[in-house]
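Pasting the structures here.
In what follows, chain A forms one complex with chain B and a second complex with chain C.
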Partner chain A sequence: MAIVTLTIDGEQLSAQDNESLLEIARQHKIEIPTLCHLDGLSDVGACRLCLLEIEGSNKLAPACTTRPMEGMVVHTNTEKLKKYRRMIVALLASEGNHQCSVCMVNNHCELQNLAYDTGLLYVRVPYLYPNKVTDASHESFIIDRDRCVLCTRCVRVCHEVEGAHVWDIAGRGIDCTIVADLNVPWGSAESCTSCGKCVLVCPTGALVKKGESVAEMEKHTDFLKYIVTARRKGEWISIENEEE
Partner chain B sequence: MKPKVATIWLGGCSGCHMSFLDLDERLIDLADKIDLVYSPIADVKEFPRDVDVTLVEGAIASFEHEELARLIRRNSRFVVSFGDCAVTGNVTAMRNSLDLDDVLHRSYVELADTTPRVPRDYPTIAELMKQARPLHEYITVDAFIHGCPPTADQIWSAVTELLAGKKPELTHVFLRYG
Partner chain C sequence: MTVEDLQELAEQEQQRQEKFTNRLMYCAAAGCVSCGSINVRDMLKKALAEKNLAATVEVVGTGCMGLCGEGPLVKVLPEGTLYQRVDETVARKIVEEHLVTKTPVKDNEIDTSHPFFAEQMKIVLENCGRIDAEKIEEYIAVEGYAALARVVTEMQPAEVVEEVRKSGLRGRGGAGYSTGLKWGIVRKVQSDTKYVVCNADEGDPGAFMDRSVLEGDPHRILEGMAIAGYAVGAQQGYIYVRAEYPLAIERLRLAIKQAERLGLLGNRIFDSQFNFRIDLRIGAGAFVCGEETALIRSIEGRRGRPRPRPPYPSEKGLWGMPTLLNNVETYANIAPIIRKGSTWFAAIGTPKSTGTKVFALAGKIRNTGLIEVPMGISLRKIVFDIGGGTPEGTEFKAAQTGGPSGGCIPAAHLDVPVDYESLSSVGSIMGSGGMIVMDSTSNMVDVAKYFMDFCKDESCGKCIPCRVGTVHIHGLLERIAQGKATTNDLPLLEELCMMVKETSLCGLGQSAPNPVLSTLRFFRNEYEELLQEPATFVPSGTDTPPTTH
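And then the complex of A and B:
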């Protein structure tokens, strides 16, 4: 571990080189929108909302999985990034069936909030209206794949925190889908402990509790703070952090 | 001369129009300021020419809707997608991933209390398209009022701005899906 100095949005900062640019920015109250990131889980750079511009690089880099380097000059909120973020939210909206008005997490949804924050007035690309499988076979929960944005928070919380690894992704590209065990109905997934962590960390109405009605369900992710004592990419619950 | 305003109900539940009526006493102010030339609450048969502002509720769900949308565009200076069905397809579009014949059979035969029959081959009933889609996929739309339904305050704010010749200011408060 070493200390590096870098510039984010014109501000000169010093940071540890094993922290992500997202962590560094947030420590300095620089807001970067995220969707697949959740404090307490590993980062996978799946949603691309936290993309940054780094001077000298012609690629955009996700803040959550990029480490700082000495002399790096980073921009978090350029017109180009704003446009791309809005486009990402539009594509997520077009790839699912997100009828907000009839969703259990209406008004408590991270995708909705991103649509507002990025100023998504309407979706320019044609909606795909895919035919996806909703599975209500579990006694307490429902997976509504129409509303899934494939952020994989459920996959990670189940593997990294609960240790059950019920969820995984099957398929390729546009056909990617979240599956329980070896693609069985959730209710017959033997590895599921019914802890409900996946439901709580899901940013949309894709994972919900049974018995809730439209706009009734609020997700709370605070519990992760209490369970997860530390997180470092590749060093899950490291001793080094527990001592801090 | 007062600005000519039209509102039309396409593939929606009329909830947006109900919300429009929720303007309550503000409707009286509005009635002084505008000429309501076409609306489900005005009983005019033909969509008129030279309309200043048209609010369109609902998705484009039938071939008749598509024809009307094109007519509205030709005859209106300013077209507004009024509510989530017009903006995103919303509930009207929930049938889109299903087969249209299955949907009609479910609605008019399986769930019928009396005279189960799919309403087809009646000349007076518009033929549904395979999918219900947002208004802007068919015509150019100038402004969007979000919500299912939009609140009366949202409508009031958008309408007063439109009548002042401005595009409605879409702040966080008024950008609201669902």
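And then the complex of A and C:
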């Protein structure tokens, strides 16, 4: 571990070289939008919202999986990045059936917040209106796959924190879906402990608790902090971080 | 097995071959097998038996001889006469006329002084059409495993890396990274366990270079990998080969078994401290598994999805260990470089792109098949001299290189030298070696749509730009092709392409828009001709609502 100095948005900072650029930026109150990232889970660099421009590199780099280097000059909020982030949110909006007005997490939704934050007012690409399976077979929870953004937070929290690995991804490309066990109804997934962690970390209304009405359900991701801290102190069994 | 044993084996095999007055080499690669070369073999054997020639003439199944469009091919040695479109009748004639009455079968004879053969230069394919791929002795008889013997008994690992570096060899998978530098990085990483992996997941539509090498000369890959293993300090190699290549898999399995039996793979190779094993891993039909991090995950038995780099596989690859990953054709170049020296290799091609490149010529061209040319040859020579130009009555329009990651090179750039830098300067890439020729009957919007359809189906779905962006780009192309798109859709198409190119996670997404961007660059009029005026004005470049709605 070593200390490096770098520049983020004109600000000279020093940081440890095993931290991600995202962690460093957030420590210094520099906001970078994220979706697949969640403190306490491993990073997969999949949503591409946290992409940064690094001087001297012709490729954009995701903040969550990029480590700092001595003398690095990073820009987090250029016009190009803002435009690409807006387009990514637009693509997400077009991919699912995100009808906010009839969603349980309306006003508590990370996708909705991202749309506000990136200034998305109008989606220029056609909506794809998917028709994936909505599964209410679990006694306490529902998965509405048309509202899923495939961030894989549920997959990771179930594998890395709960240790059950109920969720995984089936299909490829636009046909990707989250499946329980070997693609069985959630209610008959034997590995599920009904802990509800996946529901709490889901950024949208794809995973929700039964019995809540429109705009009533708030998601809480704070619990992860306690588990991860306990694990670091050795008070909790640790599984090798292994995405998906 | 010692070096002397190897030489003895080579001599024995040469003597065995010299006993035959003639050797009939029939093409046993997938292309010719699919058009009946097995029947040809049976007929050759039957006719030889009838003429009492079975003891003096050998029938040999070989690798691809190149002119796949005219198969099945049969070559008569030692004369070197090559016959095309050999069916059972012609096979009988070859025996009865060529061998017995010594008059070549004129109707089916190919003129081997034709530029198709004369302009080529064979290093990777030197043994294809020359040896029986299923007999290790034949490979040994043409100096096979001599390079491995030399490396293991005479050279230090660092010397091997230096020799490869000096040769200037660059990765033949498409990206063109210096092979020697890559080997050097893996060699320098401290680790007890390292791996050598061969990427044989060739998936570009129209490309069959790697398949032909694997089918025609599998031992060459094993030898190249073993040399790599010695150089970087690995004891285990994996060949990741796609399941759609059953013949290549069969021959690789056989080749590994033969090499193990002779002690050329396994423990204490050539009585040294060097141990090296190779196993096969069969792909399950995902194009994205040709991407190195996805390939590694697939070998590990997990879902083949790419991960962000760094860390690169050379530091953290298979099961977290330093891993050397090269393409089939790259490994195929190693043995000749060691045998003939880096200076010899570096003198071929251009200073920055040394050696040769194998291309699979397909599309609207007279001579379709497998060719190997020195780097720096002009595209014109490939298309018009080697390929014989487009069919009667049509004009050359573009050559597509690099498959779904590449671009189209129009007639105006026909004199571009075929090397890594020049091809990227005209908006295409070297790629793995697919080359599809298009003539005036080809519609460029359809070409772009075809490749985008491929990419959208092959996207793994991990990152948003590739998963959703490719679907929308394909949808827009579909609308343009149907004449339903407006002039507002073209800027949107370009914006989406740039966005997918710049923000996707792996090479698949980053290069997926290339066919669209390159056809837009050179054939923009073909797109514009199909567009209509929009009903309402939507400003491009912003995501603001239309002014009237």
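Simple rule for what comes next: the second predicted complex is superposed on the first by the 229 of 244 C-alpha atoms of A that agree within 3 Å, B and C clash if a C-alpha of one lies under 4 Å from a C-alpha of the other, contacts with A are read in each partner's own complex, and residues count from 1 in each chain.
Keep this in mind: a residue touches a chain if its C-beta (ideal position, glycine included) is under 8 Å from a C-beta of that chain, and two chains touch if they have at least 3 such contacts.
Note that the structure is predicted; figures quoted are calculated from it, not measured.
Engineer: Of chain B and chain C, which one touches more of chain A's residues?
Structural biologist: So, of the two partners, C touches more residues of chain A.
Engineer: Between chain B (first) and chain C (second), which does A:122 come into contact with in this model arrangement: first, second, both, or neither?
Structural biologist: In the superposition, A:122 contacts both chain B and chain C.
Engineer: Is A:100 touching anything from chain B or chain C once the two structures are fitted on A? First, second, both or neither.
Structural biologist: Touch partner of A:100: chain B, not chain C.
Engineer: Name the contact category of A:136: first (chain B only), second (chain C only), both, or neither.
Structural biologist: A:136 contacts neither chain B nor chain C.
Engineer: Touch test for A:51: chain B only (first), chain C only (second), both, or neither?
Structural biologist: In the superposition, A:51 touches chain C alone.
Engineer: Of the residues on chain A, which ones does chain B touch that chain C also touches?
Structural biologist: 119-124, 126
Engineer: Using the touch rule from the top, collect the residues of chain A that touch chain B in their complex.
Structural biologist: Where chain A meets chain B, its residues are 93, 97, 99-103, 106-107, 112, 115-116, 119-124, 126-127, 129-132, 215.
Engineer: List the residues on chain A that touch chain C in their complex, please.
Structural biologist: The contact residues of chain A facing chain C are 44-48, 51, 59-60, 62, 65-67, 83-84, 86-88, 90-92, 94-95, 119-126, 128, 149-150, 168-169, 171-176, 243-244.
Engineer: What part of chain B is in contact with chain A in the complex they form?
Structural biologist: Residue positions touching the partner: 81, 84, 87-91, 93-94, 96-98, 131, 133-134, 136-137, 141, 144, 148, 170, 172, 175-178.
Engineer: Could you pull out which chain C residues touch chain A in their complex?
Structural biologist: These residues of chain C touch chain A: 286, 288, 302-303, 305, 307-308, 310, 456-465, 467-472, 475, 492, 495-496, 499, 502-505, 538, 543-546.
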